[in-house]
Structures are given as C-alpha cells and as structure tokens.
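Here's the structure, in structure tokens; my notes come after.
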Amino acid sequence: MDKKLKLLEVFDNSHPDREYTVIHEAPEFTSVCPITGQPDFATITIEYVPDKLCVELKSLKFYLNSYRNDGIYFENVTNKILDDLVKVCKPRYMLVTADFNIRGGIASTVEAEYFKE
Amino acid sequence: MDKKLKLLEVFDNSHPDREYTVIHEAPEFTSVCPITGQPDFATITIEYVPDKLCVELKSLKFYLNSYRNDGIYFENVTNKILDDLVKVCKPRYMLVTADFNIRGGIASTVEAEYFKE
Amino acid sequence: MDKKLKLLEVFDNSHPDREYTVIHEAPEFTSVCPITGQPDFATITIEYVPDKLCVELKSLKFYLNSYRNDGIYFENVTNKILDDLVKVCKPRYMLVTADFNIRGGIASTVEAEYFKE
Amino acid sequence: MDKKLKLLEVFDNSHPDREYTVIHEAPEFTSVCPITGQPDFATITIEYVPDKLCVELKSLKFYLNSYRNDGIYFENVTNKILDDLVKVCKPRYMLVTADFNIRGGIASTVEAEYFKE
Amino acid sequence: MDKKLKLLEVFDNSHPDREYTVIHEAPEFTSVCPITGQPDFATITIEYVPDKLCVELKSLKFYLNSYRNDGIYFENVTNKILDDLVKVCKPRYMLVTADFNIRGGIASTVEAEYFKE
Amino acid sequence: MDKKLKLLEVFDNSHPDREYTVIHEAPEFTSVCPITGQPDFATITIEYVPDKLCVELKSLKFYLNSYRNDGIYFENVTNKILDDLVKVCKPRYMLVTADFNIRGGIASTVEAEYFKE
Amino acid sequence: MDKKLKLLEVFDNSHPDREYTVIHEAPEFTSVCPITGQPDFATITIEYVPDKLCVELKSLKFYLNSYRNDGIYFENVTNKILDDLVKVCKPRYMLVTADFNIRGGIASTVEAEYFKE
Amino acid sequence: MDKKLKLLEVFDNSHPDREYTVIHEAPEFTSVCPITGQPDFATITIEYVPDKLCVELKSLKFYLNSYRNDGIYFENVTNKILDDLVKVCKPRYMLVTADFNIRGGIASTVEAEYFKE
Amino acid sequence: MDKKLKLLEVFDNSHPDREYTVIHEAPEFTSVCPITGQPDFATITIEYVPDKLCVELKSLKFYLNSYRNDGIYFENVTNKILDDLVKVCKPRYMLVTADFNIRGGIASTVEAEYFKE
Amino acid sequence: MDKKLKLLEVFDNSHPDREYTVIHEAPEFTSVCPITGQPDFATITIEYVPDKLCVELKSLKFYLNSYRNDGIYFENVTNKILDDLVKVCKPRYMLVTADFNIRGGIASTVEAEYFKE
C-alpha cells in the first residue's frame, strides 16, 4: 500500500441514513514544481457526501502536508488527492478543487469530481 | 425528553398558507473538541420553510448556547441540531450549515438537510 | 381601507407587454420588537415583475417609514409588506426579503414570494 | 429617425457562426428626475449575444451620454435603451440592467430582456 | 502554420478517463487598440475540460504575451484565443472570458465557448 | 435635570490609576430631520479615557434610543451627546463621531472632542 | 455676486465655542471636460471646522449640482469650490478633496486646504 | 499565586539587544457577562516589545481559554490580561486591545497600555 | 533633449499662491524586464504640490505608455519618472510610487521623493 | 560564511544620492515549527532605504525559500532575516515584518528594524 494512503484515517459516519455534505478547506497546501524545483502553493478544498465513513481531520492534515517536498504537476496532484480519498472513505460523492497561486502571471485551478456508481 | 430539546420554544406561524423561508445566522456558536478538550467555534445557519410552527428566536439562542461546554464532533453537532429543530417545529424543509474556524490549518463546513415527506 | 395601504401609490407601467423586473432595496427600515419595545433594524428588498402598475418610489418610502413605531414580529412584517404591495400593484411576481440586524447574537432573514395565478 | 438612435453605430460580427456573449458595463450614466429636476445616477450594464452586428463602443458612450439632461423615469430609460439597442444591432439576446443610486433611502434596479423569436 | 499557434505547447492528460476542469486566469493581458494605437488591458480566463491533451502553462504565457503589440478588437481577440487553444489541445469543452479595463467610462467583457461535437 | 440625562448610568472605574481607552460603536442610531420630519440614520462612535467613572453599556443604549423620534440637526445631536456624556462620566478625554447616511446624495460626518482641563 | 455663490446658504453654528469638525462627502459630482466636452465624474469631500457659520446641506447639493454642464479643469474646480465655501461660511479650517474617475487609464485627485489666519 | 497566572509560560528573548515588536491576535476569546450569564465574544490583540522574556504562544492560548466560563466585565478583563502578561514577561512596552462583538446593538473596544518606567 | 521628456506637456497653475496637492494614479503601466525580456506590470502613483506649472494629463499618459517596450529595472524606472517630471514641471514637492505585480512570488514597491530646496 | 547568506546577491544602487524606499512583499514564506515539526506559513515584508547596494530580487526568493524545511521560531526567523539582509546590502534603514498564519487560534506578527548609525 502507498505510503501517503497510510496517513489517511477514517471514522464511522454517525448519520449514514442522511445524505449530507462535509467541506474541508486547506489554504496551506504546498508542493514543488517537478521541472524547476521551485515551491508551489495552493488552497485545496474537499467537498464530499459521506457513505459509511468520514475522513478524520488530523490525518487529512498529515496527508496534505506529505506533499511538501514532492515534485508534482497541478493536474496530477488534484486527481491523485481525489483518487486517494475515494479509496479510503468510499463516499457517495466527492469534489476536489485546487487553487494554485500565480506563476508567470497566471493563476490555475483544477477541479475533479467522483460520483459513486 | 432531552434537556436541550426543552430549551427550544415555538410559536404559531401567522401565514401557514404561504410557503416562505426564514434564515437564522448565529456567528457565536462554540463547543469543545471531544478529544483535546480545546474549544471549537462555528457560525451556525438555519434555513427553513415553516409549516404550522416557527422557532422562537430567544429560545434558539439559549439552545445553541447550551453546547458551550459539550464535547462533540463537527458532523455530529450539525446533524443533532437539525434533528432537534425538526422535532420541535416540524418544518416543510430545513437546512443546517455549520462553518467551523480553522483547526490545524483546515476550515470545515457541514451541511445537512431535511425534506418533509 | 387600512391606513398603511393608503400611503402606497402606483403609476401605469409604460411597457406592460414586456416581462421585466424592478428591484427596490431599502436599507433603512426600522420597527419595534412587540415584546421588549426595543427597536429592530432591517434591509427590505422588493423584487417584482410589474403587470399593469408600478409602485411609486416616494410613496414606498413613506409606506416603509410608517412601521417606525409599530411593534411587529420579523415573520409578520415581511408577509404583511408582501400582501400590501400585491394588493395595490397586482404584479405578475413579487419577492420581499427582510434582513434583520443581529439580536442576541443571531441575524435573521425572512423571504416571502407571490406568483400570479 | 429618433435623434438618439442615430448616435448608435454597429460593425460586422467577425464570428457570426458562434453564439458568444458581449457585456458592456457603464458606471457613469446620469439623467434627470422628470418631477424634481434633480440628477439621477446609475450603472448601465448591457449583455448581448450578437447575430450579424456588434455595437460600436464609442458610439455607445455617446448614446448613453445623450441622456445627461433628459427627464426620464427609471423603468422608462431601461426599456428605451433595450428597445434602441435591439433596433440597431438585432441581437439573438439582450439584457439591460440599470442600477440607480440611493434616492430617499432606497436604491432601485431595473432589468429588461429581449429574446429573438 | 500561424506563428502564434506555434508558441502553444501541450502535454498528455494523465487522467483522460475522468471529466475534470482546468482554469487558467491571466490578469496581465495587454494588446493595442487597432484604431487609436493606445494599449488595452484585460484579464483572460481559460476554463476547459481536457480530452487527451493539456495546455502547457509556460507556453500559454508566451502565447498570451505575443499579443502585446498587436492591434486587435475585443471581440476578435477573445474568439481567436478560443480558436487557437481548441486547435492545439482539442478539449471536450472550453470557455474563454476576456475582461477589458474601462475605456471611455465603459468596461467590456467577451465570453466565447466551444463544445466538442 | 434633563430627561435624557437621567437615562445614562455610570459605574466605578476598576482601574482609575491607568490611562486607558474605551470605544463604543452604535450603528443603529436614528433620529428625525427637524425640517422634513423624515428619519435620519447614523453610526455613533464614542471613544473616551475614563477617570473615576465608566458609562454603563445598557443605559447608553437606552440613551441613544431616546433620540428615535426627536427632530434634531446633525451638528446639534453630536455636540449634545458629547455634552451629556461628559456631564455624567467626567472623563479625561472624549470624542463623539456621528456618521450619517446619504441624504440628497451627500453623506455627512460630525466629530466633536472634549479634553479635561 | 457670482451666480453659483448665491446658491450656498449658511446657518448659525450652535456650538461656536467648541472646535469640532464637519465632513460632507458627495459621490455624485459631475462636470464637463473643457476640451473634449465629455462628462467628468468625481467624489467631492468637504471637511471643515466651523467658526460662526455652518454650510446648509441642501444648498450645498444645489451648489455642487450647478457644475453639471460647466466645462472646467480638475485643478480649477477643486480650488474654486474651496474659495466659494470659505467666502460664505468663513471657517477656521477647510479641506476640499476631489477624486476624479479614470480618464485615459489615469485616476486623479486634487486636495486644497484653507487655514484661517 | 493566581491560578490563571500559572498557565502563562515565558522563554528567553533571543535578541534582547534589539527593540522589536511582537503581536498576537486571538479572535476566539469568550467569557460570560457577570450580570446576565450570557456569553461574550472578543478578539484580543497583544502587542509588546520584549525585554528579557517572550510569552510562549501555546501557554497564551490556554491562559485566554481559561476565561471561558468566567463572569467578567469588558473593562476589567482587558486590564487584567495586561496586568498578568506584564507580571510574567516584564516587557519594555505592552498594548492589550479587546474588540467585543455587538451587544444590544453596540460594539465595544477597550485598549490598555503599559510602559516600562 | 531626451525623446521621452518631449512627450510631457505642462500648463500654467491657476492657483500658484496656494500650496495644494495633485495625485495621478496610473494602474496600467507596463515595461519589460531587462534580463528575461518578459513584461512587468505596475501601478504608478504621482503625488505633487505644483509651483508655477501642472502636468498635462493626456501627455502624462503618452509619457507612461512610452515605457511599454523598454527594458528597465524597478528601482531605475521609478527614479527616472521622478527625475523627468521634476525637470518639466518644477514642483514644490513630488512623490512617485511604483507598485509592481508579483514576480517569483514577491511583489515590489519603490517610492522616491523630491523636495524643492 | 553562512550557507544561507551566500544565496543573497546585491547590485549597485543607481541613485545612491537620493534617499528612497524599496518594499518587497513575499506572501509564500514557509518554515517548520521546531517543536512539533508541523509547517508554519507567513508573509514576509522587507522595507529598506538602500545606500550603495540593492538586494537582487531573484536571490531574495532563493534565500527565503531556503527556510522551507528549517525548524525555527517566529521571533528568531524575523531577526535572522533582518541580520542577514543588513549584512549583505548595508542599508540606511531596514524593517522586516513577518505575519504568521493562525496557530492554535492565534495569528502572530513580528516586526524588527535596523537604523544605520
């Protein structure tokens, strides 16, 4: 199992019969540009409808911090965070949004969604 | 009957024939983290379409204040407030939103809805 | 006829064939709490699609000012303003929104709509 | 032909095959109240989907400036601007919004739309 | 092939099976008015759903900078940017928005969309 | 003694040996224009350095509310509030600022100070 | 006597023994560019310490409105407003600030002061 | 020694030879009104010039949290926080500002300073 | 004489006996980085106390636009604009502020002043 | 010589005879808490009056980035940045401000100044 994935912990959803929404906004995400080695900064927002499991907040912090010195592209990191979180908490729905700070005069945002089939 | 529930009072809806919306925004909600014992802070927003009864504003204040020293999780408190308010005022629709302040660099929001069948 | 109603004046809609929208935002509404006698403050927003008549702006001001020393509840005053305006200008559609200032740490909004049958 | 209408100029739409949107926001509109003779101020926003013709920007400025000393009501001026612009550029769709500054403690907005049949 | 087009580079979409969205906001766009020769300034926003290819960010910067001394109209430049980007990255969907600074007291926005058939 | 003055209550300053500052901002002040009879609205800010006495907050609310139906000019009401508060709490320093809402397109502010000799 | 000056009215300062400040902010000033004939727009702020006389608010509105169709430069109009107001109300101090809207991509402000000798 | 005081910890100032400033802003302060028993909320800001000792951040959090269920007046709590912090870290200068949320339509701020003699 | 300097025009100060201030804010300044050739963007603010001459606004626009394709450092361009403007209008005082957009994650501002001896 | 110091480069001040100010604002500073190992985030602002040398912008970026994985206290890092920059560019004046994000519900700022003797 992937080292990053192991950082994520879940707990039982206390209201599994109700369809409700949880949003976590993490404005202190940072990783490294895989080409220049210079740091990138983003706000990561995770919105999801839990099924049987919820993401534990402190473990989410450690998971996001683990990207600090990883070289990874904007599009990649957003999709990977979505894949990892879906894997551990199997939600009914999830949307991951990553708003990256201006680089070369351009700000970039990537949004990726998961719908339970 | 639950002690908290008893704090909530209702009054007769003066316009039961019209479907209209009432929104109460309470930016001074505070409870305690059940693990660390440290205080949490949130803005609680209650939006509802009354049927025969409306929630009395002052009793709502006392009800929300009663969580001040309770140890309770974000997801739990949002769903419990929804359950309690639905029980006492039996609305046509209700949405409870809880916006919690940043903890460990992450701000969290929980949104739960009720639709009268 | 109700004294308040008499304050409201209308004029002929110059474009009755087109469905268009008029919005009046009045941030200086004040009335009195029927229980404590203390003043309440709100922004009243009136959005409507005129049919044959439009609400005259100055008379609307006098109408809203007439609540200054009336003791009346949030839900009541919003529905009464809607009822009165519908009565005098018979619109195709009307939405009255009342945003009340914080009382006891809670801000309240009431929204009521009218659709011509 | 109406004197105001003559101020408006058009040019050929370079991309008539694509349905796209143009928005012009003019925050410096002023006319005169027909009753009191006192000046009124508004932001006029014109959103449209061009068909074969586009509105020329400088001529739009002169057209809007021509209302400077005209006595005209809020509802009238919004509908007249829509009528005039539709006449000269024959768009697929147009929305004119006029946000008037506070008068007597009330701010007013008028929105009128045109859909090509 | 057009000289501007050659500036644009693409890279393989790492998640071609998922429909996700990428947004690039470039607040430092400048070109020249074709009539007066005076500079124009705009924020260009590019939102797209990649198919097999993504737009490379640095090449996008060079592409947008290449308009610096070109004389071109608001409506034209927006449609041309959309045409060029669609040609090189063949997205499932793309929206280009250009917000131009105030000229003659009027701010202008142009929005053009592409849907893959 | 003046009826308004009697509404104001004071309490003993717990730290009379330290020169410190207290600021009360009251955004819900309303009185009446002595000429037109129309309501005026203002934010009243009271900044003072207490000597032996502090102004009691609830009594300050009742004092400010007592102007609700008084006809009084902007300059007068500001100076009168300063005179009354100086009389009852004898501060080392006091500044009263009154920010009145727009009337006839003009917003007005009056600032008056007292220095203990 | 100058026609504009005659529009300005004054009233007796009720508190001539206290040095206090009055600020009038007028965001709806408009005049005409003496060269191009195009309209200019500004916020005029008048701050003064009255001596024996105060400027009457309604007359100030009429005075400022009288510039509506005058062709006059930014620097001139600011100094002329200061000269006129000093002449009629003979204050202890006065500051006139004029914030003009963007013209040719540049916003301009002019500030002129008067101190009683 | 006072129980609250014991919560505060200090550490050695690493740069005692330079006069520099440290500011801690705590927006989550809450205590209880000594009369009504209802909760009060404030932002506490502590600005100081350290001498030989600095205030440890985590202990400051526990110290401020200890007021959670204390009944204490606005003026008192501000002066007590200043007294306690001066006692434990003996700074060259300290300013404590407490911005309390609106109560009865009035927001209050208390500012108290200490200068080393 | 320098080509840029020739673009600047002046006109006679209509109130040379009064010490007053003129501020021009130009948010659309752009030049080129002398090392990378990439564009830089800044807001240039010019504040001055005129003596016998004022800077003509349109000529100031052309002067600032003339830097569009010049390669020049932040510190240099600010000091050169100050030198040029002082040379042509010989003010009593002048302050030039240049706020440059973020480059490499850092925003830079340069402020240079001139005092007439 | 210290490894960090070597990252900083300077260039000759082109206007050493004039006392002017340069401000660099770096909102993407991050280091690590020496106790918990968790990341800290700050905006670092450097304001200085150059003497014979200016700080080169790109080298400043590399210097600030070098703290990314260093465990260091708020007060320490601010004073060390000031010491390092003074050492390499020997300014007439320098102010370093570090605004740290909320930790444990408290935001902290440290400000340290240097004056050339």
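As written, the chain order gives the labels A, B, C, D, E, F, G, H, I and J, with residue 1 at the start of each chain.
Keep in mind that, in the parts below, a contact is a pair of C-beta atoms (placed from the backbone, for glycine too) under 8 Å apart; a residue touches a chain by one contact, two chains touch by 3 or more.
The structure presented is a predicted model; accordingly, all values stated were derived computationally and were not measured.
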Scan A-E, E-I or A-I for the interface that duplicates D-G, counting it as a duplicate when over half of the contact pairs agree by residue number. E-I
Comparison of A-I and A-E (more C-beta pairs in contact): A-E
Take the average of all CA coordinates in subunit C, do the same for subunit F, and state the distance between these two points in whole angstrom. 32
Centroid spacing, where centroids are CA-atom means, of subunit E and subunit J in whole angstrom: 37
Whole-Å separation of chain centres (CA-atom averages), subunit D against subunit E: 28
Please set out, as single numbers or ranges, the residues of subunit H touching at least two other chains. 28, 38-39, 41, 101, 104-105
Using the touch rule from the top, collect the residues of subunit C that touch subunit D in their complex. 13-15, 18-28, 50, 54, 57-58, 60-61
Listed in rising order, subunit F residues that touch subunit C in their complex are 27-28, 30, 38-39, 41, 65, 68-69, 101
Residues of subunit C touching subunit B in their complex? 73-76, 78-79, 103-113
Can you tell me which positions in subunit H touch subunit C when the two form their complex? 38-39, 41, 101-102, 104-105
